[in-house]
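Chain naming follows the written order as A, B and C, and within any one chain the residues start at number 1.
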Amino acid sequence: MPLVFEWLWLPRLTRGLWVTLQLTGACMGIGALLGLLLALARVYTRGPVYWIASLYVQFFRGTPLLVQLMIIHFGLPSAGIVLPAFVSGLLAMALNTAAYQAEYFRGAIQSVKAGQMLAARSLGLSAWQAICRIILPQALRLVIPPWSNELVYMLKYSTIVYMVGVADLLGEARNIAARNFRFLELYIVAALFYLALVLLLTVAQRVIERQLRIPGLGVPRERP
Amino acid sequence: MPVFWQGMLVNLQLLLGLLSIGLAIGILVAIIEVYAPRPLAAVASGYEWFFRGIPEIVLLFLFYFGLTRAGWAVSPFMAAVLALGARSSAYQSQIFRGALSSIPAGQMMAARSLGMGRVAAIGRIILPQALRLSIPPWSNEFSAVLKDTTLAYSIGVVDVLRQARYMSVRTPAVSLTAFIVVALMFLVLTYAGNWMLGLLEARVRVPGLEGRARREMRFSWSRMWRRVRWRRF
Amino acid sequence: MAPLLRTEDVHKRYGKEEVLRGVSMCLEPGETKVIIGPSGTGKSTLLRCINRLTEPDRGRIWLEEQEVTARKASINRLRADIGFVFQDFNLFTHLTSLENVRLGPLRVRRLGRPQANRTALEALAQVGLSDKTKSYPAELSGGQQQRVAIARALAMHPKLILFDEPTSALDPELIGEVLEVMVRLAKSGMTMLVVSHEMGFARSVADEIIFMEHGVIVEQGPPSRMFKAPTQARTGEFLRKISELYGEAD
């Protein structure tokens, strides 16, 4: 067991940790942008735009992330599109989380009272202005708790990228174990890393949530 | 195509196993968290936190290699059932905990005033109400673990995804189609499962119970999801 | 004859606040006593101490020969003999009226299903709700719910029933039907301890009125004397205030 603690500081693991953080951070950023657009499309548009956005959300929420990764990394090449492993991983995670984030954004937008929009339009603001200046500033605050939960989920799900050969935290742990055959020990080390990260994020979330709380409002917090 | 169904059958068996484990342990952990004395409740919360904090795949590896190291020559399938079951129990306990603590204290008090013991009161009065309230959030958990069965791929379970992967290695030209078919199968199963759980919910509905719970759990994600899920698609 | 219920020097504190500061009282078989007093003076706490839904800090309580407060008292068996009617009914939400009333006889008394059914139906008939056996609590009015709750207590064939402000959660027009049931019960010889501000009820059926304030019994006596000539100034003051509030002056 003492070995476990020595390995916590292995440079290769630190490198893997960095890859994990990059993946998680980037996919959350891209996912937020795309998710916001999808949410706006689902709340404020009709016709084809609405249906495309809805289909997108239903597909990516209704199918496993791992299958999405396989489609992108092992499936697309048969259509002539070959992506590097890291890009495949990032793309799968970003497209997936975008669908979930779209639902959080949508929930938040819809929980802003209808009167807010009416009041804004009655002042002569355009629809777009009203969304940007009145609705979103309120909705974005509401979305913080579910969004930070999503962050934790994506941190944990980022482990799937090792399956297409990305050397993230878990990938590096496996690489090291493949040489010294200490599989269990290295997985324990990896688990400790993830637990620490989750703890860190949970604490940060609590602090942020407390500072920005709006009484009486909330949105869904978990992803199914 | 038949290999896909064969593979999906493995996913469904996995699902059944892990849901049962998750349900049993989840209810137990929730009851402990709500009703047991503080030190015990803290242990239960620790359990919940632990299994929610570790990525599923890492859990799968830990169970598979850990149990093997401990001398139990566990099959990948068994390890997957146990690992994903443990993870699910942590999430399910959170669902049941919420439902249990949303039952008004007066229900317990009235049961005790009739001379029922604590265990009988939980079993006959509190749980029947809490379980009904748990169905909508539980169907979210169902959707999540249905999809997470594919993660068993990582420790070598030959599930539908691995079948697709075999096929894509054998005939690279069809790999895109193969994976998309798998995705669509999950899409169908997700909807079928949620539809059935919706029927179950309607079947055991009791007037007043749902209404009150709705008012008490205002803005609950369960209600929100139900709206999201049914209204627009 | 030994009293049916006896409390001796019951104390209870919540944190710094002493809610009960030594309450001693007794109740003979067939008697109805009504406890009145300003809110927050421990009336409800006293009732809950009697069947130990709240654990008293000090003092002893007996039901006939058995000590309720004894460490090794089988409290569930004692509670089965002590009916309790709550202010907010607390009917089991997921059970119909009949199932609510039947639960005790079936699961606590362990009568067989046919007999439990019979007992439950009798109790429901006693409160005039034979036609509502299949309704869920949410489908009943507040007054009907409280009557089901009374039937639930009655079906256990308790030695006494404790009523904790049974009408104060009800809309005014629904109070009458509940009081009517309670009056009938009292006249039929049920032993009852009632916390209530319904002075009409107290006057017509109470054998004794107990006035409590600040966790102690200030004065007790038959209603005729309590209303006409209370010995304590506080009692008179309180009764006057209540009469003004509820328009019960005569």
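Assume a residue touches a chain if its C-beta (ideal position, glycine included) is under 8 Å from a C-beta of that chain, and two chains touch if they have at least 3 such contacts.
Keep in mind that this is a model prediction, so the values were computed, not measured.
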Just to be sure I understand: the centre of a chain is the mean of its C-alpha atoms, right? Then which chain's centre is nearest the mean of all of them? B
Measuring centre to centre, with centres taken as mean CA positions, what chain is farthest from chain A? C
Approximate Å spacing (C-alpha centroids) for the pair chain A, chain B: 21
Roughly how far is chain B from chain C, centre to centre by C-alpha average, rounded to an integer in Å? 44
Give, as an integer number of Å, the spacing between the C-alpha centres of chain C and chain A. 57
For chain B, which residues are shared contacts with two or more other chains? none
Going through chain A residue by residue, note those that touch at least 2 other chains and give them in order. none
If you look only at chain B, which of its residues touch chain C in the complex? 104, 106-107, 109-117, 120, 124-125, 128-129, 132, 206-209, 211-212
In the complex, chain B residues that touch chain A: 50, 52-59, 61-62, 65-66, 69, 137, 139-144, 147-151, 153-154, 161, 164-165, 168, 172-180, 182-184, 186-187, 190-191, 219, 221, 224-225, 228, 232-233
Give every residue of chain A touching chain B within the complex, in rising order. 42, 54, 58-59, 62-68, 70-71, 74-79, 103, 106-107, 111, 146, 155-160, 162-163, 170, 183-184, 187-188, 190-191, 194-195, 198-199, 217-224
Parts of chain C lying in touch with chain B, wherever the complex brings them together: 51, 53, 76-84, 86, 88, 90-94, 103-104, 107-108, 136-139, 149, 152, 156
